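Which chain is which? They are A, B and C, in the order written, and residues in each are numbered from 1.
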Amino acid sequence: MAGVITVNLPVFLIILPLVAAFILPTIGRRQRLQENLLLVVGSLGILGAGYLAYLVMDGGISSVYQMGGWPAPWGIELQVDGLAAFFLLVITFVLFPVFLFSRGNLAEEVGGREKTARFYVLILLLGGALAGMALTNDLFNVYVLVEVATISCVGLVSSRNHPLSAEAAFRYLILATFGSALILGGIGFIYIITGHLNMGFAAQELAQVWQYRPHVVWMALIFLLTGFGIKAALFPLHLWLPDAHSIAPTPASALLSGLAVKGYLICLFKFFYRVAGPFLLQELAIDKIMKWAGLLGIVLASLMAIRQDELKRRLAFSTVAQIGYLFLGASLLNTRGLAGTFFYLASHAVIKAALFLSAGTMLAATGKEKVSQLAGIGRKMPVTTAVFTIASLGLVGVPLFSGFVGKWYLLLGALDGGDFLSALVIIGGSVLCAAYLFPVVRLAYFEPAEIEEAEDPGIPQKIALVFLAVLVVLLGVMPGTVLDLAGRAALDLLTP
Amino acid sequence: MTSLILALMSALVGVLLIVLIPGENKKLRNSIVFLSVLLALVFSWRTGLLVFAGKSIGLKVELGRFVWSLRPDPLGVVFGLIASTLWLFTGVYSFGYMDNKEKQGSYYVFFLLALCVTLGVAFAGNLVTLYLFYEFLSFATYPLVIHERSPEAMKSGKKYILYSLSGAGLLLVAIVLTHHLAGNLAFGAGPILEGLSGPGLNWLLLLFVLGFGVKAAVMPLHHWLPSAMVAPTPVSALLHAVAVVYSGAYGIVRVVYSVFGRELAGELVFSKIFLYVIVFTILAGIIVAIRQDHLKRRLAYQTISHLSYILLGAFTLTPWGLAGAVFHMISYSTLKITLFFCAGIISELTGKSSISKMKGIGRGLPGTMVLFATGTLGMIGILPLNTFWGKYYLMKGSVAGGMWPLALVLIISGILNGVCFIPFIIKAFSGEKNQPAGKTGKRGYREYALFIPPLVLTIAAISMGLLPGMVWPAVQAVVDWFF
Amino acid sequence: MRILLEKLLINYPFFFAIILFVMGAFTVLTRSNLFKKLIGINIMEGGIFLFFVAAGNIKGGAVPILVENNPGMTYINPLTSALMLTGIVVSVSVTAFALALIIRLYKIYGTVDARRIAEMRKEVKERWQE
């Protein structure tokens, strides 16, 4: 029995949330049961991902899993390597607190207790799709998963009971589907010249064939970059994100900013590093494009974040800026840089989730939306504000918090490549980040209270918030294991 | 080793205790503050004496790829002892100054927190730990800067954090670059970048100097300091005349000697360029000071000028220069704090903060003005004050390093310091008695708390001036460590 | 130049696929009517589907149903058509979702013009907050 589970663990991790998603509508009436089911799924997810990571690092699991037993090129393969294990851990560790958190006032945000079931279904579908994105090794499978994720994300955005949510969701849907078409086009180009859908085989074929068809390869990579760039909010393709992520219900914002955009980024990594390879990226100057888009994103999005008065919009622009960091790291093409990028990805996922959840709590408790209206909230909601502060310190990159470790390795990676400008922008981004996050902390703690009544949320939400804050600190103080895993992920990605 | 930890912990424990007890019980809180600072002082001195005796104590923790270490060496110990000693005096002064002010709880919490973090900066054993405490120092002192919560204070606080974080950011790039080049970040016997050379290292030194230079108020990165004078006077006195600014100056000295090393630093063209910046800061600082009407701002610019004395000594790269720098660190701090304390007494007891309105104030506050005058003599750098020795060795170091014009700069600076304050002192004692409002000659707890610290410090400064042998072993230890 | 024209003529399905794609993209980006944007998306995806299906075509190949007695027969590539079936399904779901959103938008704003919706944003928000 244990053997069956171990061998099929990768698939189980994908199927688990999907099965739960199908079961959930049948228990639509009973909210407690839904929430408990989510918690079960979340816990199993963490256990499964943890065990998988252990197996991968230990070597106890084969790195290739064939769906249905069909070998490639007939069947779809799952690549069970460091990258998959790493991202699965990130997904499950962020999903669990979000599940816990949604026991709060979700019903109000989505417009009624009957609608929470649909919300949970969408989250579970998103979770399943992300897990699939972590594992998949097949070009078209990526497209399918990307679509599942996109539709779930748009659904989550539209689930809020607010007139602006339909507009944000529609714009998101149109732009995202535009991106999907581009992605499919890119996949088509690669398929045409390599004749393979399996990433490994396609990579081998591409290495031989690209010199005869450099333009096709270039088009494919650009299409993929643009398509995934729209979904991962790469500057300047991010225009849908501020509206979408700020209007979504709070748990959804946390997942969208924390996980969803990262999932698309991981897929792009797979295409760029596994199929095309660092050599091609450099030849075709794709890495330069990623780097400059990243640099511009960091600076411009951070500047725009400073100008936002609505807290959730500020956090949404912050996401665009941090994605810039990830693209910058992705362009580094060396192991240390990539490992730093992965660590930063994990760190940002946890931090952004913590920021959105705590911000959402503060906004819901006070009924306000703007930063300037949140004065003095530190005393009324100590736990929530403390979590927000810890997450802010983490994002800025203060030592002892996770962001510092990520920035350290990104800096090392940048300097490894002799890239001084990127190093300066990385630091400049931190200062700008402080400029848009610290005023909130300052207002919360050091200004007299204008809020009449606000109090900390209930136990489940508090646990979720504290869980995330503790993760931020743990990743900052004891990043060893996660760093190793990130390094392994980078290595697995760079070496075919 | 335990003394080391206890020194930092006593401040932290104090913070926790204050946070826990209710706000109204002032006596209890003040006693806790006093005890914490006293314990921190005792343990710092124990640590310091051990280090001077040649023992090497340290604490190293490896957490996930980063090595955090506390390893005081003579230079760090000098800084730490200055900090912890002066913290005690400032604590007592605060009891007096803050007696009738609001938000004392918040004040003392961050007061103690800043002590703990400053000791961390002083005792740090490698660049990463130094960076950690350096960043936290900005955060710990920010609430003290904005204490008044006035619009001016908030603006000044924003400037403060912006400058500090930018500097810290550049510092991080410099540290990562050092790690990239040398793989090792610990302050050991030999400089970290030993054996390396090349023009690129100029940029590295520039980055370090920019990073630490913000806190060391090197021009043109000094703008935050005069604005920060909006903070309560004990904060201005301790932090922005000693603790925070010294962490910047200490950082630069540390970089020159422990990271680059004497020889490498001497080879780099940037060291020479930076000497011009130092000279500019020394002269421009004091000249701008002369033009200030607000007393605390005048003192702030004087601070900016004097901090660069320390940097000058460091960059002469001679043992006498370093000795002068260390001497100046010790002596200048005692007197500058005294000057600020006097300014605080004046503003508290007479309500005046502009020099133009302070005519005849010496008649009403004779003791205070005498102390102020003594402090000014110290700023000029003449016997019997201890600053004389600092200047002496700085000049000797300049000549020995082949940079005799620097000695000239120091002399000119001394004269300008005189121009800065002697007219004020004369004005203060002339004219009619400018009776301070409400001062009826009654000496209460508050007046004692305000007056005794500067008095004791002045006496100490004079003693050190007459008997420099008191301080000499410490200076010797530092110089021996690096040369 | 002649070679280019020749190649274009041989590969005409791909040529048209690209044209469809570009037309669709243009429609999405420039038309302000929400329905037209949606139609543009569909045209874009149509172009992609055509691209893939044409990619699988082999000149002279037979329909890909296995014929027992002729082992050496060339069949066209069924893989791409199968993939595009999935793609069409996805496209249909997205279209359905988008239509639902358009209906909801119409209920709130009373118009399906993207520009007017953007103008009315503020009023709608304020009205809702009361």
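The working rule: a residue touches a chain if its C-beta (ideal position, glycine included) is under 8 Å from a C-beta of that chain, and two chains touch if they have at least 3 such contacts.
In this text, all values refer to a predicted model and were calculated from it rather than measured experimentally.
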Set of chains adjacent to chain A and to chain C: none
Of all other chains, the one whose Cα centre sits farthest from chain B: C
Central chain of the complex, centres being mean CA coordinates: A
Centroid spacing, where centroids are CA-atom means, of chain A and chain C in whole angstrom: 27
CA centroid of chain A to CA centroid of chain B, Å: 45
Centre-to-centre distance between chain C and chain B (centres being mean Cα positions), rounded to whole Å: 68
Chain A-touching residues of chain C, taken from the complex the two chains share: 21, 24-25, 28, 34, 37-38, 41, 44-45, 47-48, 51-52, 55, 79-80, 83, 86-87, 90, 93-94, 97-98, 101-102, 104-105, 108, 117, 121, 124-125, 128
For the chain A and chain B complex, residues of the former touching the latter: 396-400, 405, 407-408, 411-412, 415-416, 423-424, 427-428, 430-431, 434-435, 438, 446-447, 477-480, 483
Touching residues on chain A, where the partner in the complex is chain C: 140, 143-144, 147, 151, 154-155, 158, 162-164, 166-167, 169-170, 173-174, 177-178, 180-181, 184-185, 188, 191-192, 197
In the complex with chain A, residue positions of chain B that touch it: 63-66, 128, 131-132, 135-136, 139, 143, 146, 149, 161-162, 165-166, 169-170, 172-173, 176-177, 179-180
